[in-house]
Amino acid sequence: MKIGFIGLGNMGAAIAGNLVKAGHDVTVYNRTAAKAEPLVAQGAHAAATIKDACRGEAVFTMLADDHAVEEAALGPEGIVASLPKGALHISSSTISVALSERLTAAHAKAGQRFVAAPVFGRPEAAAAKMLFVAAAGPADAIKTAQPLLDAIGQKMFVLGEKPSSANLVKLSGNFLIAVVIESIGEAVALVTKGGVDRHAYIDLLTSTLFSAPVYKVYGNLIANEKFSPAGFAAPLGAKDIRLALQAAESLRVPLPLASLLRDRFLRLMAEGGENLDWSAISTLAARDAGL
Amino acid sequence: MKIGFIGLGNMGAAIAGNLVKAGHDVTVYNRTAAKAEPLVAQGAHAAATIKDACRGEAVFTMLADDHAVEEAALGPEGIVASLPKGALHISSSTISVALSERLTAAHAKAGQRFVAAPVFGRPEAAAAKMLFVAAAGPADAIKTAQPLLDAIGQKMFVLGEKPSSANLVKLSGNFLIAVVIESIGEAVALVTKGGVDRHAYIDLLTSTLFSAPVYKVYGNLIANEKFSPAGFAAPLGAKDIRLALQAAESLRVPLPLASLLRDRFLRLMAEGGENLDWSAISTLAARDAGL
Amino acid sequence: MKIGFIGLGNMGAAIAGNLVKAGHDVTVYNRTAAKAEPLVAQGAHAAATIKDACRGEAVFTMLADDHAVEEAALGPEGIVASLPKGALHISSSTISVALSERLTAAHAKAGQRFVAAPVFGRPEAAAAKMLFVAAAGPADAIKTAQPLLDAIGQKMFVLGEKPSSANLVKLSGNFLIAVVIESIGEAVALVTKGGVDRHAYIDLLTSTLFSAPVYKVYGNLIANEKFSPAGFAAPLGAKDIRLALQAAESLRVPLPLASLLRDRFLRLMAEGGENLDWSAISTLAARDAGL
Amino acid sequence: MKIGFIGLGNMGAAIAGNLVKAGHDVTVYNRTAAKAEPLVAQGAHAAATIKDACRGEAVFTMLADDHAVEEAALGPEGIVASLPKGALHISSSTISVALSERLTAAHAKAGQRFVAAPVFGRPEAAAAKMLFVAAAGPADAIKTAQPLLDAIGQKMFVLGEKPSSANLVKLSGNFLIAVVIESIGEAVALVTKGGVDRHAYIDLLTSTLFSAPVYKVYGNLIANEKFSPAGFAAPLGAKDIRLALQAAESLRVPLPLASLLRDRFLRLMAEGGENLDWSAISTLAARDAGL
């Protein structure tokens, strides 16, 4: 397929690379143009503008936040203004439910199609085509997107016809991960103050009931107190919890755990932890215990 | 080895059975004597009193709560009063850190040895010898206990020389499981109110980042709203959170997640949920969302 | 002074009436024009447009929320576009810190002056000139505003030169009131379930340590379970807590009590309590206790 | 009346003094006998043992905690063992609901009468006869106690026939005060970080909606950051919140605010604040905001 790809950060570049490898005709765009070079070397075309990346059957966006997606999609020479009728916008960024709903409406009005397809996994997983893709949108649009989404991850889950459902699920997933971080932080503070070695403790947890990757990854970061460089920085974690809370507020769903996490992230940043990995919220439980 | 075993509930009977199968000479005791019969059929001896179960090199206890263990161990004709000098008490019940410390002192005073060895796993895991054992105690006592503990589980973790460390770790483990339950409950309430099918959602979670058994077991209970009959009843969950909070209070470790769980359990029971599985606390998030 | 007054709801009409009584030349504007009639009967002039209410030395706004103030102040024929250079805008609405900052900047750019002067008190207090006024703005602007603010309340507090400080203080005040409501709700649930008569209990509290008006007013509403008609409806309470949390987030100040209140309001509304007084969040503690 | 008085700390000495002044024949007892001297100078008799203080129509206890009351009342030569049949024990200490229930049962069994009459107010209020008394017990016992309770406070509230109701109300009162402290702490952190002077802020609050003594006393302590010497030390506050939570747990009443306070007190003490006034929990909100 002839497609565009907008946003070549760590995640975007890895995903776009897999689309090229899968044999698609990919035109890439990034605000800082130099980031396109490695992909051009792999066979992609470089676009000078967003408009130029919107001339195919579909265009991906993989951008940092709501603001960047809003500008790229709804701006004057943006995706909605540029994409041909019937063509498809696949949004893989972690954005708010509210923006996803606005994009759904704008594309519908412009006679275009829209699928939200946020992904679970870090840049290494993206490079290895090991992402999990949470997709939602009208059945025909999902069908068009499927070969593209199959090319970028190990498995795709379809979550219904309303695109924003996929964004809600993505936000809920990051919420669940943050809960795991906080809970390990509290448990480690407790047993450490009780005299148990925290490495032995994490080993026990992750070899038994808590063998999921998320416990292993974060359990080890926490046991090793290794929060820098950040794999996923605290302000990004804070942002995703905020987006989850906003979606929950619109839907009138109280989320006491998310409220607690919000306060943890605010505190971490107020105390100077902006550049740390989001898992550094785990240190607050230890500090509160006088450790 | 010649050993005793006190407490033949679902867990105790399964564990004692594995000790018999491993070739040990096991004398079992249970307040309701009939429960000993199947074990006698397998080759165990039945004791008429606790005292009679305390004539070997070691005695296990696997009882419901602090009260039962206190009575069995510290009562007039109890374990401390009956066990030979140098013999070993292995406590596998989920008890408080405070009681574990009292038992440690009482056995030391009586010239006996004490190991705390609580286990992770449900009765089926116990029967299948698939338990995880968290053990703590003096090195020589652990060494004596090892062949016995190897006979009842798939893996043993040694958590130091202070027996109560193992009890603290066990309580922290149940705390972590309860957090998982609550977090799934909140996430399911959120995405369900947003229009996502909860079975598809749990499937996505447990096939991706949250592939640990604990997410699968409780994710399915929650998706299926199957809280009765209780695998582990709400009052038992409430009790373990209370014991975790008490240990945390003695150690001066604030645990905001445990505080939240405490309130959830109280509410579930105040609203009539005493006989439900502890995972029924997950329904409260849904109810608060008006679902 | 020749002034304008925009927004004639219960609060605005009472305040504007006091300005007329104090001898000022007041031109009033309300979207629903009929609300101006009683004030015209008292001696005010009616304006057909916002622009017409902006021809004097100062103009008040007393509107429902951010949206209404934004439209009135920053819209095409709005206050910023209409007010003479050097004239003063006094904003008495409960608005967000962020909007107050935008208004400060917009008025400065237009060569106008801006004071935020939100008030504490219900409509009856406004009518009786018993409001408390929390004002902030540049010293000269406060000086101009003073005779006007003296005419509408019993006491004015100056909170510095940055107008948004007054908005922050107003939001913090509503936060504190909501905490009082929640705390009475929990305490009443506790003692009621313990067998104490809740009327006797509220009587004890409010005759002793908690003699402040806020405890008397809300204590009685709670003891009498009188939440309808709403003096201040739940969605307005929810909004003010949200604005407090947003201001706190910008400033990076964790507010665990406000987070808890947010969840209470969401739940009350999810369960159908939209039309109840905000003090109805107090019923949730009772319900959680099975009462 | 001929009465005894056990416990001559700051509160007890002041209360006993007022009983002497009112003309009663008071025999006082304190473990450290020297504390009785000033009262003997005023006209009281000194008892060498608890037994000796139990020879009249009534005996007061005003002791530090459950442990002290338990020992004095239920110990071998204690009040229950010593008091004549029909005589009255008035317990003014802040004790647990559970102990109050045990005392009720023990006195009933011994043919004695029991009234719980905890008080609200600091030592200065006690000295000035300005305490508020929350009393509960059988009508005839209350009637006997009334002249004594009238002599020690400005007003008595009767809370029913079950003595422990008064203890529950006392604990709930301290819970409400702690909520006030925490809420002021959060509000002050918010407005201070927003640039408002905290003294001006407390002045505004306490001259307007929050004119109750409790806001004035604690608002000023917080604005002045004056937490030492402690009027009421952090561990005592922590204890009362714990007793409130225990009573709530027995009654199955979730108290999210009390849970939050529990964590605050644990943290304050873990961080070294044992000797500070309990209002020092207010500093935690400021610290979490990076102030």
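The letters A, B, C and D name the chains in turn, as written, and every chain counts its residues from 1.
Methods note: a residue touches a chain if its C-beta (ideal position, glycine included) is under 8 Å from a C-beta of that chain, and two chains touch if they have at least 3 such contacts.
Nothing here was measured: the structure is a model prediction, and the numbers come from that model.
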Intersection of contact partners for chain C and chain D: A, B
Chains contacting each of chain A and chain B, listed by label: C, D
Remotest chain, chain C as reference, centres from CA atoms: B
Pair joined by more contacting C-beta pairs (B-D or B-C): B-D
Geometric centre distance via CA averages, chain D-chain B, whole Å: 39
Between chain C and chain B, distance of the C-alpha-averaged centres to the nearest whole Å: 54
Multi-chain contact sites of chain A, meaning residues that touch two or more partners: 248, 252-256, 260, 263, 266-267, 270, 288-290
Residues of chain B defined as touching chain D within the complex: 242, 248-249, 252-256, 259-260, 262-264, 266-267, 269-270
Touching residues on chain B, where the partner in the complex is chain A: 97, 120, 132, 134, 155, 157-160, 162, 164-165, 168-169, 172-173, 175-177, 179-180, 182-184, 186-187, 189-191, 193-197, 200-201, 203-205, 207-215, 244, 247-248, 251-258, 260, 285, 288-290
Sites on chain D touched by chain A in the complex: 263, 266-267, 270-272, 288-290
